[in-house]
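Read through the structures below before going on.
In what follows, chain A forms one complex with chain B and a second complex with chain C.
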Partner chain A sequence: MASFIQLLVSGLATGAIYALIAVGFTLLWQTSQTINFAQGEFVMLPAFFVLAALNFGAPFWLAALIAIALSVAILGLMFKLVIVDPMLKHGVLPLVISTIALSLFLKESAKDFYSSQAQPFPALVPPIDLHFLGAVISLQSVTVLAVAIVTVMALHLLLNNTRLGRMMQATAQNPTLARILGVPVNRMVLYTFLINGVLVAIASILISPIYLAKFTNGETLGMAAFLAAIIGGFNQVRGAIVGGVILGVLDNLSAAYISSQYRAAFPLIILIVVILWRPQGLLGRVEERTV
Partner chain B sequence: MLRLGFCTLAVAAAVGMSSASQAQDKTVYMPALMELSGAGAVSGTNFRDGMLMAIDEINAKGGILGHKIKTTVIDTQSDAGVSRGQMQKVLDDNPYVVFGPVFSGSVLVDMLLTQQAEIPEIVGGEAAAITQKGDPYVFRTSFGQQFSMPKIANYMRDGVKAKTVAVLWVNNDFGKGGRDTFIKEMNSRNIKVVADISSESGQTDFSADVVKLKAANADAIFVYTNEEESARFLKEAKKQGIKAPLIGETTLLGQKVIDLAGGAAEGVKGHVGLTVDAPIPAVQEFAAKFKKRFNYVCDHNGIKGYTAVYFVKYVTEKIGKFDSKAFAKTAHGITITPKDEPNILMEATWDKNGDIDRESFLGQVVNGKQKIVETLPKLGIK
Partner chain C sequence: MNRIGAIALAAVVVAALVLPHFLKGYGIYLISMWAVMSIAALGLNLTLGYAGQVSLAQGAFVGIGAYTAALLMQAGWPFPLAFVCAALLCFAVGWGLGYPALRVQHHYLAFVTLAFNTLVFLVLRNEEWLTHGIYGVSGIMRPVLLGWSTGKAIHFYYFCFGMMAVVTAALWWMIRSPWGRAFVALRENPIRALSLGLDTRRYTLMAFAIGSALGGISGALYAPLVQFIEPNSFALGLSFNLLLMVIVGGSGYFFGPFLGALIAVLLPEWLRITQGYYLIVYSAAIMVMMAFAPYGLFGMVERAARALRSKGAPAGPPALQAERPQP
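On to the complex of A and B.
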């Protein structure tokens, strides 16, 4: 039982991070039909922003804020203006290819400008262990889980309980009608890119103490988040959250109780089963778009 | 007559200038295939930097037999398929020898090509299988697993006095080779393997693996993963409060692992084939030079890269020409002492299979540093 609790909490913490990244995927898809294959690299990069700021002598909290600001500016604003806007006119496929190229560019740039070697990354909390029903749970896992839940709840409140959120919903559901009703659609789309910039930066700061900061981190994270979004439902934010959590927990439990050798295969098996049984994802809806 | 003399002089001057220019341009091509990105980036970068340092030193002193070493370092991306393609490309340029790769999986596919081309390959891989294929053109720069595992097994039996062990290994050629050899050595010493757990190259979450290791309740845990995975595992092991001693090889005790794992590496023990903390002045001088130039602490791969170049220099000067086949023939059975070539750092012998033998060490992580607690003698291979 103790082992199960440990695995569950650890899986939930990892899954919560996957969920944050997957939510970003769905937001961009919902508002602008952008499938961002550089999303993993978007999570990798802010960790290096933090390390660079720390090297300049900034305290961790300031370095984290700088990383979030840079992430919003570069991975949100610049990404939209320089890549998405010019490419989207030519259809989804050229944009997909552009994001694949961007992912390679970001990965190689991080390697060249920083290092090819993994870098230690400061933890958010001290290495304290909590004991619960015989299980040893690190404060770090609990913190990761808590921050991810607060972030998702804040996003949920923004989207459902504010005027801005409702305008973003309207933009996602029917941009033409939203425009007729006076919603500044372009600005709403921009906001989703900025929100994605915040989400990836938070995910990066949460996961880098565990993963270590490395230029290849995006490969694993991007794939996991993409799978999570498909499993949960690409057209639903709550689907992405559920998909992320399922993936994180199942990965841990399957490695412990079934086979560690085949752990990489389990997410793909789940994906295949979901696609066969419910192609729109667990919580997705057919041909509906909403944030 | 005067005009004829002038022409002769002009031709002679032109020929002379051309010869001088050729002498200045005399180079020997020794490319390197390294893991500069992907899971092996730490290993490959260290090997490359050690190698480049040696090449610069040798070139500054006039090169080998008057030829400057010309090199290109190509990234294998820690991928055996990419490595094979890159090896084919460098072999097309007629190299004298090839350095690398470090990952055993890449070496195992590349060595077929170098053997076919009859070009010596000086590798960093440690999988036992590399030198068991009868390839006369492959030479190691560190112990193969068939030499390091008996030393670890003896330590498990005599030092730790373990009756049961659990094994965590990385599921690639390096890890599988080490795991197979280790289990064989355990069986021969009547030590029971109670858990046999594989992990993935580049794995980030070790919570499930640590839960299984804890449940095995072994007297000791043998960890055989690559550097970054080792660091992540150590963090998780500390988090879950593993009490059994963690024993490993160089990839568990390297300074990079210690730095990445933070305090989680404290107390870890193991066999270290090569280390900058070795109580040998030449090694420590090399480590200081390396740190000054590259601004990080070199691991065992840096020593491999550095000594690999001096190994090539010594053998080439011994045969007196750049002849790849003669190199391979001469290098088998050769012993190089620091008296013969100071930059070989430690006396080393290459046997008929290309395996290397030299002193090694037992180490422990104390206060964030690797501390050598015992020096183990050469095995005395022929």
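On to the complex of A and C.
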């Protein structure tokens, strides 16, 4: 039981990070039909911004803020203006190829211009263990979980309780109608890209102390976010959260109790079952087809 | 095909036949790889470009084909038999993978096939009793066919080129047959195709199966070409790369995959003059190419030609024909 709780909490912590990444992924899809295959590399990169800022002598909190700002500017604004905007009118596939190329570009850039070695990354909290019902839980897991929950709550409040958020939802649901009703659709799409920039930077700062900052980090993270988004529901922010948590917990439990060799296979099998049984995802709503 | 096209095609074929005599070992290896990858890309172009079924699993079929051929040959089977088995197995598995396509389309289908690709990779990596796991299969012999040994690099290149020519001719014929028309109808308007009495179910499965079988053929040539196969070669990266070949060349254009494969195989090698930065330059080049030619290079050429022909007049969509880019 104790080991079960330990696995559950660490699974929840990784799941919460997956959820953050997956939420950004679904936001981009909802507002602009961008399937961002570089999302994993988007999470890999801000850690290097932090390290670079630390090398210049900035304290950690400042370095983190700089990384978030850079991430919003480069992975949000520049990504939208330089890559997505010119491609959007040509349909999904050319943009998919572009984001695949972008992921290679970012990975190789991090390797060549920073380091090919895994870089130690400062932990957010001292390595203290908490004892709970006989289980040993690291303070780090609890912190990750807390930060992720706060971030998701803030996003939820923004989307549901402000005028801005409701305009963004309107943009996602029906851009034409939203435009008629006076919503500045293009600016709303841009905001989702900026929010994605913030989300990936936070995820990066949370996960890098665990995985170290390495240029290959994006491969597994991108896949995880991708799976989480689809399992939960590709067109729902809540779906991405649920998908991320399911994935994180399942990953840890299946590795411990079933087969560590095939731990990567379980999410894929679930994905196939979910798509064939409920293509819109566990919490998603049916997308209307435009014929 | 018009006269300019025929002349260009003949020139390319002659160049491809003469070229290896001017190349050293690695150069011949690269153009052999181009021929092998072209076959897989042709298959994906059939599934994606003509029938409109998005697949991110073509790399897995190259893997299944390569492993089938390599393991059967190690068990003492002659190459032609192993080759046919690889193609048939991929045909059957591809048929099975077509079933999800009957239920979901577009990006959901892309995700299912992507998951399938990773599952195949995991099986190749973990089932050591069958595939030797991460150690891979090494020492794959190049075949002797009817007393003609393909052991030398240049001979194997001619063998790959010949296979590519056979596959190309077969596809050329198929695209023009009622089947080819049916595939395009499937892409353009599946509901209308169904209402016109087309068995869309069978053609969807067929599009996957034939495309996958070509992936298997490509794999069966890949194994003796590289002479060493391991699971990582057939992970998602290869499927992405094959998709890139099809889209960059021009999805739905018959000769698109050849050009796309040429770019994906040779461009990174040419860029090695930029030292360690060649992958950065390569990926940037792909992004620029996609921004300027989103319908692929053949798409761009066709658009330019059409714009020249009908100066001033808005270029409307052409009548339904086999060579039309996917919208």
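Note that the second predicted complex is superposed on the first by the 287 of 291 C-alpha atoms of A that agree within 3 Å, B and C clash if a C-alpha of one lies under 4 Å from a C-alpha of the other, contacts with A are read in each partner's own complex, and residues count from 1 in each chain.
The definition used in the following text is that a contact is a pair of C-beta atoms (placed from the backbone, for glycine too) under 8 Å apart; a residue touches a chain by one contact, two chains touch by 3 or more.
Owing to the predicted nature of the structure, the values given are computational and were not obtained by experimental measurement.
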{"item": "Partner chain in contact with A:V92 - chain B first, chain C second, else both or neither", "value": "second"}
{"item": "Which of chain B and chain C A:I210 touches, first, second, both or neither", "value": "first"}
{"item": "Touched partner set for A:I83, first chain B, second chain C, both or neither", "value": "second"}
{"item": "Chain B versus chain C as contact partner of A:A265, first or second or both or neither", "value": "second"}
{"item": "Which of chain B and chain C A:S10 touches, first, second, both or neither", "value": "first"}
{"item": "Shared chain A contacts, counted only where both chain B and chain C touch the same residue", "value": "261, 264"}
{"item": "Residues of chain A touching chain C in the complex", "value": "35, 37, 83, 86-87, 90-98, 100-102, 104-105, 108-109, 112, 223, 226-227, 230, 234, 261-262, 264-265, 268-269, 271-272, 275-276, 279, 291"}
{"item": "Touch list for chain C against partner chain A, complex", "value": "54, 100, 103-104, 106-108, 110-112, 115-116, 118-119, 122, 126, 191, 240, 243-244, 247-248, 251, 276-277, 279-280, 282-284, 286-287, 290-291, 294-295, 326-327"}
{"item": "In the complex with chain A, residue positions of chain B that touch it", "value": "36-39, 41-42, 45, 171, 197-200, 202, 204-205, 207-209, 211-212, 214-215, 228, 231-232, 235, 238-241, 256, 259-260, 262-263"}
{"item": "Residue numbers on chain A that touch chain B, as the complex places them", "value": "3, 6-7, 10-11, 14, 111, 116-118, 120, 127, 129, 136, 138, 140, 210-212, 214-216, 220, 251-253, 255-256, 260-261, 263-264"}
